[in-house]
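Please go over the structures that come below.
One chain, subunit A, appears in both complexes that follow, with subunit B as partner in the first and subunit C in the second.
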Partner chain A sequence: MDGHRAASLAPPVARLIEAFRKLPGVGPKSAQRLAYHLIRMPRAEAESLAEAILAVKDRIVLCQVCQNITESTPCPICSDQSRDRTRICVVEEPLDSMAIERTRSYDGLYHVLHGVISPVNGIGADDLKVRELLERLRDESVTEVILATNPNLEGEATAMYLQRLLKPLGIAVSRLARGLSSGADLEYADESTLAHALQGRTRSADQDASQSL
Partner chain B sequence: MELSPGLTIIQGSNGQGKSNLLEAAFLLSVAKSPRAGVDRELIRWDLLQTGGHAQVGGFARQADNTIHAQIDFEVAAQGDLQAAPNLVRKSLRVNGVVTPAADFVGTINVIAFAAEDISLVVGAPGERRRYLDILISQTDPAYLRTLQRYGRVVTQRNHLLRQVRERRASDEELEFWDQRLAAEGAAIVDRRRRAVERLLIYAVPAHQELAGVGQPLGVEYLPKLDDQNRAIQPLPVRELADRLLKAMRSMRSRELGQGVSVVGPHRDELVITLGGQPAGTFASRGQARTIALALRIAEASFVEQATGRKPVLALDDVLSELDEDRRNRVLETSRRYDQTLLTTTDEEFVGEPFRRAASHLSISSGVVKRSNG
Partner chain C sequence: MTTTRPRFYTTEAVVVRMSDLGEADRLLVLLTPGRGLMRATARSARKPGSKLGGHLDLLCHVSISISTGRGLDTVSQADTLEGFRGLRDDLGRLSRGLYLAELAERFAVEEAASHGPFRLLVDTLRTLEKLPADAADSLLRWYELRMLGQHGFAPQLQRCVDCESALEQKDHVYSAARGGIVCPNCRTRGDDPLLPAPVTVIKILRFLGRATWPEAIGLKVGDDDRRMVERVLRSHLHYVLDRDVKSTGFLDEVRKRLGVAEAAPEGDPPGDGARTGPQG
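Moving on to the complex of A and B:
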């Protein structure tokens, strides 16, 4: 059994496995697989991996405007004058802004909260980059804030908090639509997704635009 | 190991692993053990020490197809407890495909009868809520999903209540969680009310058949929509949500003081009565046992009616507690189903005609052998 081996491991290997186990999404099996892979890896490759890890710790900073992770602040997106500066899309994590960038259908700015309201984890609005967002809304000519937090409980709690907070500012606040994923089968959609898709249905007046099969 | 249709009698002395076999069948139905509260109690003690992997799998043949259900437990070694707060990770598969719990539960339907079922009558309200929740989840995947979301809402809200009390969060932040508790809670209350209504249709005659004429069984659902558990008339879900919301607002200071959510279906009660008297306090042990048995038989009928499939019955050492007449009635009931697994220390508990028609297994030190009864 795997466990018996772990008990008699050489300490450096055990330490490495332990370190991998702490990473998100890595279970005991994967941690061992990764560790043994590293042991067999050429030294040069291992060095470049170690260096890459240190580089993100040493060279990455938060953009002073949008709070995204970047090598130079303001980040390339915030400094890009060709982007639509009237819109800010609020996301939970840096990866979420990357996901929206990949759609190529948004050319506004971002704001990264670095988390989400979760009382269980002791995370409230004060622990997020909310003050920084309010600061930006004072200076800039922003007319719309798009709340793109995840459609789960904590994401919704955060979105609702921000909605209430932004209301008095007179800025249009929108929320990402929730519904079916493209290529999905209705039959396999769970009832809450389907209910949201129904509630958020759109009129087929602009059908021509979407009929591009 | 292949199990035959009809009645299978699994005979063995105490501690030989009879119950484990039934527990495995139940686990493949509900993804939870009938008795253990926590997954780790299902895992062998030495495996918890060293870490490793445990698996339960089984095939179920239904009218037109065969279903393969499998549960894998990934156990972290005790050594790296800090690294793994979840000591046991469970993954569920149907026909090899990883499946969320809500869709896994109810793929195979097993109704488990156990000696401990008496706690349905004499135990805490939580036992009866669990009974009701398993019953509904077996027939409605949406219900289990709602229940899971509701559980998260209550946990988050309780933390927030304490933070507001300690002035680490503002009162206004509760609004969102109040809304969610009301919405998810109302859906649960509505579903439970309808389930109990239907359950009664089966439970009352099942009880009468077992107990003979005498004091009739009553089952009453008392949701906690305000400061007290009260019976309700059928109400639209929206109205249930409004009542929950109103209650949370009027009881805010009490909730803040206690630091817990005091209204909602996590405080619901299911009251069982015998001749109009609460059975938990008034019923004798024998009467309580009969009621528990009737509730299980009603559960089987409920599941059959809702899914259109006959569930498998798993009777874990229940016969020894009953008199001969009731033993025969239980066995008679089992004939209405396609498959029944029954454990007993002594085959004598199974009446002669049932024994003759049954398949026989004997189990000793965890090893199962076919025997000829």
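Moving on to the complex of A and C:
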């Protein structure tokens, strides 16, 4: 059926649809919509898009230090001498480091694993940038590693695995706090989230203030 | 003949596989008692404020409401029945829990009732949650034999699988391709790979095959015998499933490379009847 439809399309269009179908989260219908949108797009915009794709492939490398994607290595964050070089925040993907940067609450360094341990998919620690992290910790004067993997089972497995690996190095290892998100309803919270929220509860600000007086 | 599916239904399920889908959705593979293996999307489940996200993680035993449509089914509501926190807080138990779930998924088929395997998985996860490390491997072997038996692939352990003669009290060999123990007279027939099956290994396999789960976890086995029993059952599973069970890699890595010594179980000791274990 697909073959019959593809045969009736102009070959360049069919090729473009096939290329879009390979992108994550893009199904056959979305691929067709994107392709026909490109056909109607002004030539200058199409050329700009093509150049942007080629530039990413030609100029983007992995930072030798933190393994984040960058145009030059070391990346701007690893090169910035004003950042706290005693702390490394370990994240799953480059976008996770950007999310933490947006908070403006962290001025340490990062390490990007490029994935997460996923036993049922056959992805183990050797498929991630774990060896690079261990080498880095031997060389640098790091006193704390913050494990900022996602709070799901595979993220937890990865964090527990790293905790085990880092234990002999004598470096403090911490995890991001877990609990209720802003705007959430208690009645819809799952038992794990609620349990973590209770374990990580904090004193109210008034009480802290009265105790400090 | 076409079968009509209800527009909306509720079922128990265990999340056995999960992947990201689109901007913030999750694609779930669920083992259910009435419909076997099924796939469904959970919309916006990866967003921090999602009402579904926290309930739909791997190994969660949940009650879910499903809306059916032309495409993939959609999870409209989810409620955690058991989160198995004891598995999530310990790397050794977690690696074993994922192995149990993958094995259940490999055996299950879509749109076919799977009451026995579903109950076996839930009950075994519940038992594993509170089990000390030295008993966990016996539970895994017991589970493998139960899962093989439920699907009609139980190995032949009482007689020679070739000549059907009663096995003498001496060392034999094991053939996954032939489906069980092979006596010395028949070992040269065929060119399939054979594994050593000493008397102790055969006795352990027979015991686990007929034991209830409290009996199985009480079994004390030496390291060499434990490894040989595991090797025999892995080869059998590999032959039956025609592929490796991927999570064995992580299981072995955690056990051997990291030398994880699991935390002592909290609360009630296993097998004291405080909670319902797997049905032997």
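Methods note: the second predicted complex is superposed on the first by the 192 of 213 C-alpha atoms of A that agree within 3 Å, B and C clash if a C-alpha of one lies under 4 Å from a C-alpha of the other, contacts with A are read in each partner's own complex, and residues count from 1 in each chain.
Just so it is clear, a contact is a pair of C-beta atoms (placed from the backbone, for glycine too) under 8 Å apart; a residue touches a chain by one contact, two chains touch by 3 or more.
Bear in mind the structure is a predicted one, so any value in this text is a computation, not a measurement.
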First, second, both or neither for A:K29, with subunit B first and subunit C second: first
First (subunit B), second (subunit C), both or neither touched by A:D80: neither
First, second, both or neither for A:D107, with subunit B first and subunit C second: neither
Partner chain in contact with A:R21 - subunit B first, subunit C second, else both or neither: first
Contacts of A:E71 with subunit B and subunit C, given as first, second, both or neither: neither
Which superposed partner A:E45 touches (first subunit B, second subunit C, both, neither): neither
Contact residues common to both interfaces of subunit A (with subunit B and with subunit C): 117, 119-120, 122, 124-125, 153-154, 156-157, 160-161, 164, 190-192
Residues of subunit A defined as touching subunit C within the complex: 24-25, 117, 119-122, 124-125, 152-154, 156-157, 160-161, 164-165, 181-185, 188-193, 195
Partner subunit A, residues of subunit C touching it in the complex: 16-18, 20-23, 48-49, 51, 54-55, 57-60, 80, 83, 85, 88, 90-91, 94-95, 98-99, 101-102, 105, 246-247, 249-251, 253-254, 258, 260
Subunit A contact footprint on subunit B (complex, rising order): 47, 49-53, 74-77, 79-80, 83-84, 89, 102, 141-142, 145, 149, 152-153, 155-157, 159-160, 163, 168-169, 172-173, 175-177, 180
Partner subunit B, residues of subunit A touching it in the complex: 1-4, 6-7, 18, 21-22, 27-29, 117-120, 122, 124-125, 153-154, 156-157, 160-161, 164, 190-192
